[in-house]
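Structure incoming, see below.
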Amino acid sequence: MSIRMLSCGESHGKGYLIIVEGLPAGLPISKDCIEEQLSRRRRGYGRGERMKLERDEFEFYSGVRGKVTTGNPIGVVLHNSEWEKWKDSMDAFELKEDEAKEREITKPRPGHADASGMAKFGFEEARNVLERTSARATAAWTIAGTLCRRLLEDLGVAVRSSVTSVGPRSIGLPRSEEEWTRACSSDMGLPREEDEEEIMSIIDEARSSGDSLGGTFAISVKNIPAGIGSYSEWDRRLDGRLAQALMSIPSAKGVEIGGGFGLSQRPGSEVHDEFVLFSGLWTRRTNNAGGIEGGVTNGEELTLHVALKPIPTLKKPLRTFDVRIKRETSAHVERGDVCVVPAASVVGEAMTSLVLAQALCEQFGGDRMEDLRSRFEEHTKRTRRMFHV
Amino acid sequence: MSIRMLSCGESHGKGYLIIVEGLPAGLPISKDCIEEQLSRRRRGYGRGERMKLERDEFEFYSGVRGKVTTGNPIGVVLHNSEWEKWKDSMDAFELKEDEAKEREITKPRPGHADASGMAKFGFEEARNVLERTSARATAAWTIAGTLCRRLLEDLGVAVRSSVTSVGPRSIGLPRSEEEWTRACSSDMGLPREEDEEEIMSIIDEARSSGDSLGGTFAISVKNIPAGIGSYSEWDRRLDGRLAQALMSIPSAKGVEIGGGFGLSQRPGSEVHDEFVLFSGLWTRRTNNAGGIEGGVTNGEELTLHVALKPIPTLKKPLRTFDVRIKRETSAHVERGDVCVVPAASVVGEAMTSLVLAQALCEQFGGDRMEDLRSRFEEHTKRTRRMFHV
Amino acid sequence: MSIRMLSCGESHGKGYLIIVEGLPAGLPISKDCIEEQLSRRRRGYGRGERMKLERDEFEFYSGVRGKVTTGNPIGVVLHNSEWEKWKDSMDAFELKEDEAKEREITKPRPGHADASGMAKFGFEEARNVLERTSARATAAWTIAGTLCRRLLEDLGVAVRSSVTSVGPRSIGLPRSEEEWTRACSSDMGLPREEDEEEIMSIIDEARSSGDSLGGTFAISVKNIPAGIGSYSEWDRRLDGRLAQALMSIPSAKGVEIGGGFGLSQRPGSEVHDEFVLFSGLWTRRTNNAGGIEGGVTNGEELTLHVALKPIPTLKKPLRTFDVRIKRETSAHVERGDVCVVPAASVVGEAMTSLVLAQALCEQFGGDRMEDLRSRFEEHTKRTRRMFHV
Amino acid sequence: MSIRMLSCGESHGKGYLIIVEGLPAGLPISKDCIEEQLSRRRRGYGRGERMKLERDEFEFYSGVRGKVTTGNPIGVVLHNSEWEKWKDSMDAFELKEDEAKEREITKPRPGHADASGMAKFGFEEARNVLERTSARATAAWTIAGTLCRRLLEDLGVAVRSSVTSVGPRSIGLPRSEEEWTRACSSDMGLPREEDEEEIMSIIDEARSSGDSLGGTFAISVKNIPAGIGSYSEWDRRLDGRLAQALMSIPSAKGVEIGGGFGLSQRPGSEVHDEFVLFSGLWTRRTNNAGGIEGGVTNGEELTLHVALKPIPTLKKPLRTFDVRIKRETSAHVERGDVCVVPAASVVGEAMTSLVLAQALCEQFGGDRMEDLRSRFEEHTKRTRRMFHV
């Protein structure tokens, strides 16, 4: 059992609980690093009312003491600032039936889990489905992923993301470390300022026509040595585990590693990353494999791409039916964002960090950061020697 | 704990062992159904020598008795017909050092796990890596997946695949049930005969230039009712679990669900599958979501797409280095296929079946097929009532 | 994946978080049922100060709405009423070093995890160890187990316990349903009032001599049909899973099923529970197997016994050493109970409920209580037919 | 995910398959070490015919090459020498219905899983139950446990067992290393020769009266440093995990750690293992805790005790009923042993080794034995320094 993570919570409930169990003791954790990622997750242009209302107030209940992990399971409570308005219709024990009645969702929204969830549980309306499948759950995942990100950062491993398209408009990958830094710090997750204006107008256009937009983002992981992950069995392979974590992000409909779908059209002689000698090290001429071969890292930068469908909540509601009266109607409208790609890329960083931290702790053990650091360094040195002239 | 699966084996070892634990008792299993899928997995044009040599002889050791599962864990041994030639260099206890020496791989092949595996284990040569990461392991996964496929078939759920591109040439999806049937039964996994010739010439061309080809395939799952899967936590979502299983297939570098990357470019109003009334049932006008919304099936056909990079073993070897003498050289050449897309799509069906069978047994329990059938039928009826006028 | 449970929290931290994921929707849950078990866990004679101070105030954050489970993961926060006094020495981000310094434990207490935990993490003092290994964690397990207990009760399965010895004085098992009911409701967990006085005097005696007492308790589970559990692989067997859960209870040092150690001394002809016909049903003449044969329930009452060593915190401290100055000294004294057997038996009921609920959901699935109920009833009827004349 | 293990097989089937995945590369494995433990498992006086017939022939299929683990999953096939006689009634695809009919078991044997298994699967006879619940499955567990034992031995950790009672006659624990060695090597698992005769006569007496005997055995683990295991959550505690593994052994009905049930009767001041200075090391005056405190090792010898009920197969069959004709009858008699305690203690060593190897690899990681060794040594040195004057 490596790092385990469970979360719970509903979008308009009291809040979310997050438990991360198995992180080594001795890892510095600051409140700011959590706040930073939660606020990055609220970034983006074309975000709905909720993001302005939501404060993401959180409290650490256990596992961190004096800004350092204790080796005990870490527990965080993430409060919902909207709770007071929804209490009467959501409370565990003091629910007001009439209030709950008003919040019923009998018009399943195409693209959401409303209909699927009602079918699974046999619900007559989708409120309980909406509450758990709301993207607000990714705030809890972001907290868990950020704790894991701290472990990676402590080892010198950097996880970052960049928005690579919004609707029909694609945006090239960052071409330098500066552009990666900008993509991470900018409100719209774009590597270059010159793209911002056009993207904002695309979003404005969608908002004014009551529509919503999807897009894609890239994840890059630097300074991860070769030999992390496993090919022992299909469910240990790092590529599969990363694909699961990224495809689980609400609205994700596609995941690629390295050249992804594009590789399938090119001949082998062009695609595979040949070894070349570069400043005394055997390294790769190209990185079409995205840093993973056979389910294990090969020492190159990990590159992944995620495709997000447009958000299913539109001001211009979609055709659906009322499960109660069984007649055609328009889908229930919740306040919603127009485009969440910049936010989703932050969630992508968190989920990538969770999977990589799990793999690292499985491989190097990890009661104490002190041990994990020295073992990771030793492994990194050893693998560098292998590729050394 | 739902259905658990473990396999082991090496490409030139004695053989592969497959254990599938947790399948209900009372599921009819024939030898033919296993043979059929293993032979489909050897299909395709442009396959290497190995496929002609390999017979895929297997023996059931437990868990099936008189062609019916007993509820006990199922054990299958898949023999390697090449074992006698490799015994002296692979045997557990009677290894001949000189023979083993000759089989060493000191020139890591770009695109394979050779270098990553050597880095992980600190090996000085990649033979042990090659043996486990060889795509022959997918024969074992195919046996496990076929046992699970039988469970789906017994419930009326059909899993099929179709090759949708080989190299630069893309092939449209099957447009009818007949074309799906043809894609499954044809040697090249193509839905229409008229495409075969061109594809063969593309493969011939690649073979003659010593190159290799990738491609894409689609997976379709029919007759799976709404409400299968879970949105309870990220790692329970069916989309994520399917993405992990498909991305773990050797050479897989991209997975899409429904419209995938294409959806990211279109506005929400075009993308989400609106409800329309059709012969008394509220169904969906489109199926861009690929049958999964919020990690749970929505009653529509599941559609997935997988991208395979070209096989990393080329007759025209790629530039690498010799880890022993640390000098540039050409990669080690194993006999290899030119194009494996038709075979990989069969493995894709098997991995999809494994994930769906796991999800179904988690949801409906499953000591006995008799119970699983009645519970599945009850669920299907209940969900249909929900969508009924 | 069946029911999953994670908890976190420290004895003097802000509180404990409990997440139970996978319970079916539609299970009635009242605040009282949680309060009842938490207060039963505070029961007993010879409890320490902490029990009088601790109020066990809890808040449901998710997963229950209007006193019914929603199928979403259930999150509960259990507050520590002592937090304000400990804040400065325990806080995640606003720790006062001097306050923390004062709370250091450099004299590992024999019988506690202090020394083992310091060895595991390389800590220089045991505060972080004490905080997680404190028996207060069992309050969180009791909440999780009580949610699972509700599932069992809904199916008519009753879990109860009875104290069977305190120190050297053994107390016979309940001889009737009334005595089981008394054992559950009485403050000292004893089936018969006439035993109370003597037990109190034994405890008083221990308290006055600064000592502590262990004891044993029995767990009984009624109305669980035959055929629950699995013999498929060693880690699926119900006897093993129950033994793990009960041996994990702090201070547990022995677990028995049925006749336990006593059976080992008797010949087979006396021990095995022969079938006899009783009011039209083939039932068992005896129940030495404790209701489990081959890792699966056989329809009889489940009977388990747990042995608790005496609590390791004594007023008359034990000899230890100071890890800082490396000199002999007396163990650090925390306020402590004299005897916790009546409380531990409530925790035993909770852990037994957790394991049984997991096994039932694995076997019958369980999105909705409605389905779980009907499937459980069907199974119970079927198995009764098997044993019917 | 640490070390994973799955096995399958039926007592009269073709054989058992064992897969152990996750053992580090570079661990020396000899055929003899497996043979030795399998033959020890056939030891004992009063064993049934089966043990004389069974040869335990096994073949390694993968994961070991030239007597060293490769890091790939290890696969072993354990053949059943009786297969040819049972083929027609057990074969997966070529079953002869009449032969199978003859092998039906319609008279469930009290003490076996026959009735429970029939109830679980709704079988009309218990053959499929008997085949999987037969103690022969422990031969597969012994192979898996022996591979893990090799890892412990490589680190200097010794696992051994000693029979401590047969029927009513109790035998004291070994009082010296020589007596532990004798207990391990002697056919009856007894530490002192002088006890053998009496034990044999007790067994003879049981055999002649058609009866069977249970007994108890002790497990001891030496040289395991403090700090192995975890108290992070209940299911990570080493005491719980060991109790699960040992209680899963067929016929096991009781597990104790250290002083076990005896501790419950003694006051705290007598029980807890005080620290005393002994040749420059703070060590424990006593070891009543059995080397585990708070779910984590404390550096002392691990001591566990297991109680086995008498074997449920007696020559003097027990009263049961025929499920077909629903009339009272005598239980079906399979050839059986009179007493298996010496054999079960070998299985106990294997299961203990499996759990400890899992815990060690979780804690120290473990791609390569070389790394695991150095990390284990470093930990051992560090913890010794903690306890050093």
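Letters A, B, C and D mark the chains in the order given here, with residues in each chain numbered from 1 onward.
Following the convention adopted for this analysis, contacts are C-beta pairs under 8 Å (C-beta built on N, C-alpha and C of every residue); 3 or more make two chains touch, one makes a residue touch a chain.
Chain labels with UniProt names: A, B, C, D = Chorismate synthase.
This is a predicted model, so every value here is computed, not measured.
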Ordered by label, the neighbours common to chain B and chain C are A, D
For the C-alpha superposition of chain C onto chain D, the rotation angle in degrees, rounded to the nearest 5, equals 180
Rounded to the nearest Å, the gap separating the Cα centres of chain C and chain D is 26
Dist(centroid_CA(chain B), centroid_CA(chain D)) in Å evaluates to 37
Here the gap between chain A and chain D, centre to centre from mean Cα coordinates and rounded to Å, is 44
Multi-partner residues in chain A (2 or more other chains touched) are 4, 6-7, 21, 71-73, 120-122, 132, 227, 232-233, 235, 363, 367
Given the complex, residues on chain B that touch chain D span 4, 6-10, 13-17, 19, 21, 25-26, 29-31, 59-67, 70-75, 77, 90-93, 95, 97, 100, 120-123, 128, 131-132, 367-368, 370
Within their complex, chain B touches chain C through residues 1-2, 4, 21-22, 71-73, 227, 232-233, 235-236, 361-367, 371, 375, 378
Touching chain A in the complex, chain B uses residues 6-7, 108-122, 129, 132-133, 137, 141, 165, 167-168, 206, 209-216, 225-235, 237, 239-250, 252-261, 263-269, 271-277, 282, 284-285, 288-290, 292-299, 307-312, 314, 316, 318-321, 323, 326, 328, 351, 363, 382-383, 386-389
